[in-house]
Structure formats: structure tokens, C-alpha cells
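In what comes next, chain A is part of two complexes: it sits with chain B in the first one and with chain C in the second one.
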Partner chain A sequence: MSNTGAAHAASHDHGHHDKTGTVIFGFWIFLMSDLIAFSLMIANYADAEWHGIANGPSPHELFSLGLPTIETMALLISTFTFGICTLGMKYGASMKRTVGWLILTLALGAIFLGIELYEFHEFWTEGNTPQVSGFLTAYYSLVGLHGLHVTSGIIWGILLMVQMKTFGMNDLIKSRLVRLGLFWHMLDIVWIALFTKVYLMGVL
Partner chain B sequence: MSILGSLDWNDIFIVPFFTDPSLSTGIAAGAGGIVVLGALAVMVLLTVKGWWKPLWSNWITTLDHKKIGVIYIVLALIMLIRGVLEAVVMRAQQVSPAPGFLSVEHHAELFSTHGTIMIFFVAMPFLTGVINVVMPLQIGARDMEFPFMNAVSLWLSIGGAALVMASLVVGHFETGGWTAYPPYTGIKLSPNEGVDYWIWSLGLTSVGSTLSGINFLVTIYKQRAPGMKLFDMSIFAWATLCTAILMIFAMMPLTVASLMLALDRQAGFHFFTATQGGNMMNFANMFWLFGHPEVYILILPAFGVFSEVIPTFSGKKIYGYTSLVWATIAIAVLSFTVWVHHFFTMGQTAHLNAIFGIATMTIGVPTGVKVFNWMLTMWRGKLRFSTAMLFSTGFIFTFVIGGITGVMLANPTIDFATHNSLFLVAHFHNMLIPGLLFGMFAAVNYWFPLCFGFRLDEKWGRRSFWLWMIGFYGAFMPLYAIGLMGAPRRMAFFTEPAYFPWLVIAMLGALCVLAGLTAQIIQVWVSVKNRESLMVPAGDPWDGRGIEWSLGCPVPEYDFSTIPAMTSREPWVDAKEAGKRVMDPTEFVDIHLPKPTGMPFLVGLVATLFAFAMIFQMWLIAAVGFVAMWVLVLIRSYDTDWEETVTAEELREGYEAHKRVVESTPQIRLDDEFTTKNRGLIMETQV
Partner chain C sequence: MDYINSDVGMDSAEYKHDMARYVWGFALSVVLTLAGVVIVAGGVFSTGLAWSIVGILGIAQLVIQFWAFMHLDFSKEARPDLYLVLFTFLLIILMAAGTVWVLADLASRMGMGAGSM
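What follows is the complex of A and B.
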């Protein structure tokens, strides 16, 4: 924590310090606590997929890799497009381009979400609801929790675009976009864990 | 499905008394009545005195960390009164002839609310409040890093507490203890709204605590005065840092476990129903993944307080600063490695029990280091037994007794014999009353002048200490004894005659604790009445060591007129030793403070409404409340004009005014610090 040079200068700048950096640091810490929630759900799932089948289907019977692979590709590409979006913002790309990349990112997120909901719907109509077994409870909750995060990310992104329109690309908006980016990238990393644990290891 | 969900007439607190009159329902109706009348009385008082407006503009809308801290502490004290009263009723139940005057259900509600309240609505707000007041002042910050979020945390905690209070008036609370283990708390065995009250009141407050943790941590990392390295921070700030990390990582397992329980109950999920492939041990694991670090969230800030109070009232610097810091860090890390000791008897292998038993005992080592540090700080010091110092020294040897019984319980073989007995109940009260409450009482007595500008009455403070101390020993030592004799915890009544004399002593002890609490209320009352003679406008009434004492009392809203230059670990002591009575200012510059806003209060209000609706399954209202909560946050995100400026000139004037007060305050002897001669700025150097 180098606080002597830079922070000293900043704190004498009319009592302001580097607010953007601090807010992003705080958000980073929040994401760490959010990761705890995911890790607990994954641990719970890991238990339930072995011991919680009850009278329901096993992961092997339930899952196939087709749709989840497309899902995963959509999300991986979206994290790439978000990267371009924030990098562009950093190097002074026009608002139009920034918004364009953001829209593409959110659209990919929506595709991901759509496939997930389609899969949920399929399972559900086959009678495999979360009420059937501990395993299905764990499955819907773990994947659903991630989906809920993606949904929040999409809503957040849309609201942020409205704010970009109102405020223009000021520091506040930039900071919010960076935080949404962190959130989005974290969801991608979490999804890789989920895809591996739930689908890849599930069909093995 | 009605819009009011599962709420019906029988949920209103006096109705059961009319349909089924008994002493038990009468007490329930009386308790509900106290809540309703108390709320009405407060409203009448506010109206008659015309205090609504000042309450709103000075307190409810405040973003000032010191005021937020004070509100937290007030919340803790109100809930403490309820918690202690419940304890007294339970002790009275135990000594009355079986089956006692309370129904079994009612007694179960009492021990569940007692535990829930004491942990989440006394301990947590108390330490969060003290940290809020003190930590920014000790690191030379002007506020928490996120003042708005700080206020949101506060109002979420108050919302949670309000729900527990509401359970006295509307419906029931949970009856499965503060840990609420399924399957007992599943929908089959606990069909009423009690468990939902537990889930959602904890849900609100644990989100608040997570946010507080983030706030504390970022504040410490980013807001320290220029030149202050981490190893220059006060021990209290270190304790805060470690507590914050525990909060960030430990609150989430509770939130997750309780939401899973909610899904099991309301949506027919099977996280914890064994017959359908659920596993209730997952709840136990997640709960204690939170619950064990929680113990150290509660205790570390108190350790921090003792590490400030003991040096001050010994007239010496803390002994072994570095070892104390490392002991604090070690305790924080180890706290995550021992959770299984909460269920040694629940079927895991002996090897696993042995590993967790050893890990548990290991925590005794850094804690022992701390105890020696405090004792060696006092060694050959000039000890002055103020109320704060009495609580600190009373803590040391009482806590050591609790530590020894803790090491006993950490041995799985002993634990098999004593778990779920009153021995365990005695042990954890033996840790938390000295290790949390005494610490917080010491903190209030010590730092009170920073917030209000006057000292608390010492005479009543010392009386409260002795009553608490004697009361503690009276109430809990007998429980060790009958615990070893086999008395189980949570029993609605006892029929074993051998327990009776011990229970009578415990009852008297509980009454003594109640008297101690009463003495504290009198202490505040007397101090407010005599505040003119207790004023310490020059600040530093105890020859303190931290930079918070370089400020006048009460501390101005902007805290520091100029951010102090940190040249050493204790610059205020250096300044005093150099004969200065005011720290040299650095540079006066315009600063920005957050404007007061009612938005956090509204967020808390809507969140509480949402939670209440979830408890009674009013899905429509819940949905509206949930959306409204986020809409409020969204509205706030449009607010860019949220700071107001304090000019360099105003800061200079504040500094000059403080300097004038200090210069016109006569210097007095240390021996006079508890007399009315003490107007602040007491110095050890003789006049």
C-alpha cells in the first residue's frame, strides 16, 4: 500500500482522494464476498450430485453438452467484447462505439440467459423440478444464482446506457462501467467453474 | 391468496390471551404491549417536545460516521434491555415449580430471541457503532470511505431489529434456538412464521454487516493519514481491520444458509430435507462457517478497546505492539479453521474431530499472548481505576476462566459429555460478556466525550461495573456446576432437586446483572443532567495516547481541521511530551463532506417492508418493496450534488477556536481526572 507519495498529493487536492480507484477497490472486495456465496453453492452442489439424487435423475441422465457449450461460448465472447468496450473507453473511443460494444456484450449475455432458461424449461416440463430431489434443488439454485447475476448485470448495463445518455462519459459513468466490467468478468470466471463442475463432470 | 398473505387475527399479540388466558399468554401480551406502548410513548414525547424535525435533520438523515456510530450503540442498548429482561424471565421460569409459568413454546421463543438478539442486535450493532465512532478518528480520516453505504448498513440493521421487535406484536418468533437448525426449522415441524422472522431479520442485518465490513476495510486501506503505515495504526484499528475481513467473508455463509432454508420452507426445495436427498449437515457447516468467525468478529473489537484503555490508564505505551498485531491476525486466520467443533457429536470421524479439536486449542496461544501483553502493559504502570479500566481488568481474569473452559470443550472427548449442557451455556456467556460487553462498556465510558463533549458519571459507572461483575459470576458459575451435573440447555423446566439451589443463585445473579444495566441507565441520566460540570471542551480528559484525543470534545463534524502528520506511532504523545497542547496544523484546504440525505432511511424502510412481507407471504407487497428498494438506489445514483464544502477558512477558525479553548483551560493533575476540575487536556506532568 503506497500511501506516502500519491495519496499524499491526492488528499491535498481539496480534500479529494482518488475516489474512482477506491470505489473500484471496494467493489472488488464486494465481489470477493459474492464469490463466497458461489463457492458455498458449488460445495453444496458437489455434495448433492452424489448423495442427493433421491428418486430423481442423476446428472448423467439429465445433462448433455450441446446447449451448455453454446451458452459458454456466448458468455466467453461477451467477456471479450466487454474487454474491448472498456479498453476503448480508456483510449478515448467515441461514446457510440463504447455503447455499441456494451450492447453487443449485453446481447450475448441475453443469449446465454435465454439458453439457460430454455434448458430450465425443458427439465421442468419433463417433471424434473427443484422439488424432486436435493440434487435438482442444488442444480437450479447454483445455476439459477449465476443466471440471476447475469440478469442483474444486463439490467445494470441498460440503466447505465441511459445514464451515459444523460450524463455523458464523465468519470462517474466510467467508474460505473469499469465496475460492471469487473462484475461481468467475475461471472464469466464463475461460469467456467460451473460449466466444469456441473456439465463436464456431470456427463462424464 | 389474500394480499395480506398468511397474516390473520390470531397473530395480533393480545388475541391469544383472550382465546387462551394463562400466565404465559399474559406475559406475551404484556411484552407486546410494552413494545406498542413504548413506541407510542416515544412518538408522543417527540411530538410534545417538537423533536421530530431535529431528529430527522440531525440524526436520521446524517451521514456523519460519529452520529451513525451513536445510533448503532443506542440500538444495541435498547436491544440489550430486552435481552437481559428475557434472561431474567428465563431464570425465573427455571426456579419456579415445574412446569413453570411459561408454556414450553413460549420458553423456546424466549431462548431463541435472547440468543438472536444478543448476537445480532446487541453485539453486532454495539461493535459496529464503536468502530464507526472511533476508527476513522484514529487513522486520521474524515469519514468512512462510503458514508452513504454506511447509513444504508445502519438502517438495514435497524430494520432487522425492528422485525424482531415486531414479532412480539405480530405473530411468533422462531423456537429452535439462535442457530435454527433444520429439520426442526423446516416447514413440517415449524409451520408458523417464526423461522421466517429469524431468516429475514438476519437477512437484513447480515447484508448490513457485510457492507460495513467492506466499508471498514476500504477506509483503513485508503483513508489513513499520509505517512501512517499499517504497522503505525492503533491496535483498535488493527482489530477493526481483522474484524472487517471476517465480516466480509463470514456473513455470506449465513446469508446463503438462511436463504436456502427460506427456499426449503416456502418453495418446497430440498437443501436440508434428508428424505428427499437434502443434507442438514450442510446447514450446520454453513451456519458455523459463519458462526465461528462471528465469535471473533465479536471479540476482536473488544480486544482492540482493551488495548487502548489499558495503556491510557496505566500511563504507559502498549507492551509488545508487534506481537499484539500478529496475535490479532493469527486469531482472525485461525477463526476460519475450527467451525466443526460446534458439532463434534454429529457423526464425523474421530480423526476429523481430533484435527478440529487441536485447531481450536491453538487459538488459545495468540489469545494468551494478548493477555500477557495487557498484563505487562499494566506492570509498574501508574494505574487509575476508571470505569473503563475496571471493565478492562475485570475482563482479563474473567475471560481467562472462560478460555480455560473453552480449551476443555475443545477436547472432543470432554465435549461429548458436556455438549448441549449448561456447562456450554456458561462457557460462551463467560467469553461474550467480558469479551464483548465489558469491552463495549469500557469503550463507551472511555470515548463518550468524543461524541458528546462531556464525561460519564464515574460513581454510577463503577457501581454498574461491580453489579455486572458480581451478577456475571452469580449468574454463570452455577451453570458450570449444574452443567457438569448433567443439566441440559434449553430445557423449559427442571425437576432435579439437586439443581435447585444453583438455579436460585443464578436467578439472583441475573437480577444483579439487571441492576447493573439499571445503574448504567442511571449513569447516563445523571451524566446528562450534570453535563455542565462534566464538560471537557479542551479534549483529552484521560491523558490519552491516540490522535483522536488531540481533538476537542465533542469532535467537530469534519473531525480534523487539518489531516495530522504521522511522524510516529503515537504522534499525540510525542506532541505532549514536546510540551504542546494542540497538534501543529498541516495545511488548511477546502474539504467536502457528504450532505445529509433521507435516502438510506428510506432504503432501510422499504427493505424492512419487503422482509416483513416475505415473512407473512404477502408476495405482491414483497415484490413492490423489492423493486422500490432498487429504484431508490437508482434515484440516488442520479444524485451528483451530494457533497457540501467546508472552506479552509472555516477549518482555520475551528482550529483557532480549539486552540483558544485549550489555552484558557488550566492544566491539572492526573489525580484530579475524575473530579469536576477536569475540563479536558489532563497532563501527567505535574503543575
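What follows is the complex of A and C.
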């Protein structure tokens, strides 16, 4: 009798895991569709950088590596701290510790955004607005789209912290935190492509 | 694989094993990023060669981060994710390369040289 009970508990447990797994796989499908959108924006940028300079500056004239490198490091550290956050959560870390790492991650994301907006402002006040050339239009929309994703990630993280305080660390909240983590890691992967294509190859 | 709960705590060997993967991913990412910056800023290589090296470093870092942070590997649990990612990259290569090809062809037919209009 106790055997049946254990078997039932195990199958129930299994069903629950499958649901979390399915939800996370569904989120992967969203991430991949987002990745396709980004890749087409990069393709558009690659062409605009090639044929769309018009009378505006070339990437070589516009970009320098100093600030974008600091920006890249901030985002890279933040993707690592989010990893520490979700890994600790899985192994039963306290909510205080989990929230602490999440706050650090979001703060690094905010530093990244701040540097990006500062650069936009610099270019803009030099007269390099999106209207100047196809290249600048493509630049602002590609990098800006990524910045928008980081912004929504920060808002999402803040909302999640409110939910943690309200509902406690139940399985649903944990699953949401894992999904935000995947989103954040994906944003860093997209940024590798942007940093390489826009800044490193642009300065060359 | 359970994504959100573990039977053991943070002092377990499993935790240390998982953490090692994140640390490796982070360390390699830092090295690859700085290597790219040094190559571009240093100007030791010709532009074409530097362009290729930086591209390869970027792709390497992309693969490393999928492995370290997003837990993509050849394990049975990660198989569906891996197939999804590979299919996505097939679509990306077709669509992104196709876009660049079509637009570049259009530009050449309209007599637009590189960097001018």
C-alpha cells in the first residue's frame, strides 16, 4: 500500500517537473524568435554600414572602443551574477541572498544602459542623428532595440522582486526567475554579436 | 533535469560542479572579449585578418555562453533545446545571408559603391 503511495507521489512529482520543463521550453521558443529578429536587424545594419553612409560619418569615424568595452564588461558581469543568483536559488539559498544577487545584476544592467544612453546623447549632440544616413538609422534601431530589451529586463526583475516579497519563493516564482535568467543570458549573447559587428569591426 | 529545485544544498558537490561551469564561462568570456579589443586596438594584424579573428572570437564566445549560462550541451535533457537552437541558426544563416546578398546585389545594380550613394 505504501508502495503505491510512493509510486503515486513519484508520478505526481514527475508531472509537475514536466510542466516546469514545458514552460521553460516554450520560453526558449520565444527567445529563439527574438534571436531571429535581432539577426535580421544585424543583416540590415551590415548592409546600411556598407551602402548607406551617404554624407554622414562612417563607423570608423564615429566609434571608439573605450566606453563600449566598459559597457560590455558590465553586461558580462551581470550575466554571471544572474547565474550565481539562479544557481543558488535552485540549491535552496535564502530569499535574501537571491534578491541580493538579482539587485546587483539589475544595477549592472542599469550601468550598461546608462553608458549606452550617454553614447547616444554624445552622437546626437554632434549632429549624428538617425536622419543623417541609413547607417545611423540602422545603428540607433539595432543598438536601441537591444537597450529596450535590457530596460524591459530590469522592469521585469523589479516586478519579480515584488512578487517574491508578496508570494514567497514558491515554484512558480522560481520558474519565473529562471525564465528571466534565460532572457538575460540571451541578451548578453546578442550583445556579443553587436559588440563584435558594430564596435570591433566598425573601428577596424 | 529539474531546473528550479535540488535535493541537496549549496555545500554539495553538485552545486560546486554547476558553479564551476559558470566560472569557466565567465572567465573565458572575459578573455575572449579583451582579446578582441586588444587585436582591434593594437593594429598588429592587417584589417582583413583582424576582421576574421574578431569574428571567430565572437562566435567562440557565443558558443561558450550558450554552454555555460544557458546549459546547452549534448546531454539528453538539453537535446530539445539544442535542436531548437540549431534549427534557429539554420534559419538565421538563410535569412541574414539572403538579406545581405539581395541588398548588396540591389546596391550594385543601382551603381552604389561601398560607402557612397
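Quick note on the criterion: the second predicted complex is superposed on the first by the 187 of 204 C-alpha atoms of A that agree within 3 Å, B and C clash if a C-alpha of one lies under 4 Å from a C-alpha of the other, contacts with A are read in each partner's own complex, and residues count from 1 in each chain.
Here is the rule we use: a residue touches a chain if its C-beta (ideal position, glycine included) is under 8 Å from a C-beta of that chain, and two chains touch if they have at least 3 such contacts.
Please read these numbers as outputs of a predicted model, since none were measured by experiment.
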item: Partner chain in contact with A:T196 - chain B first, chain C second, else both or neither; value: second
item: Touched partner set for A:G56, first chain B, second chain C, both or neither; value: first
item: Which superposed partner A:T137 touches (first chain B, second chain C, both, neither); value: first
item: Which of chain B and chain C A:L76 touches, first, second, both or neither; value: second
item: Touching partner for A:F25 - first (chain B), second (chain C), both, neither; value: both
item: Which of chain B and chain C A:L159 touches, first, second, both or neither; value: first
item: Residues of chain A contacting chain B in one complex and chain C in the other; value: 17, 25, 29, 32, 36, 40, 43-44, 47, 51-54
item: In the complex with chain A, residue positions of chain B that touch it; value: 142, 145-146, 210, 213-215, 217-218, 221-224, 226-230, 248-249, 251-253, 255-257, 260, 263, 267-271, 273, 275-279, 282, 286, 289, 563, 587, 589-592, 634, 637-638, 640
item: Chain A - residues contacting chain B, complex; value: 1, 3-4, 7-8, 11-12, 14-18, 22-23, 25-26, 29-30, 32-34, 36-37, 40-41, 43-44, 47-48, 51-54, 56, 130-135, 137-138, 141, 159, 163, 166-167, 172, 176
item: Chain C - residues contacting chain A, complex; value: 1-6, 8-10, 12, 14-15, 18-19, 22, 25-26, 29-30, 33, 36-37, 40-41, 47, 50-51, 54-55, 57-58, 61-62, 65-66, 68-70, 80-81, 84-85, 88, 91-92, 95-97, 99-100, 103-104, 107, 112, 114-117
item: Touch list for chain A against partner chain C, complex; value: 17, 20-21, 24-25, 28-29, 32, 35-36, 39-40, 42-44, 46-47, 50-54, 58, 65, 69, 72-73, 76-77, 79-80, 83-84, 87-93, 171, 174-175, 178, 182, 185-186, 188-189, 192-193, 195-197, 200-201, 203-204
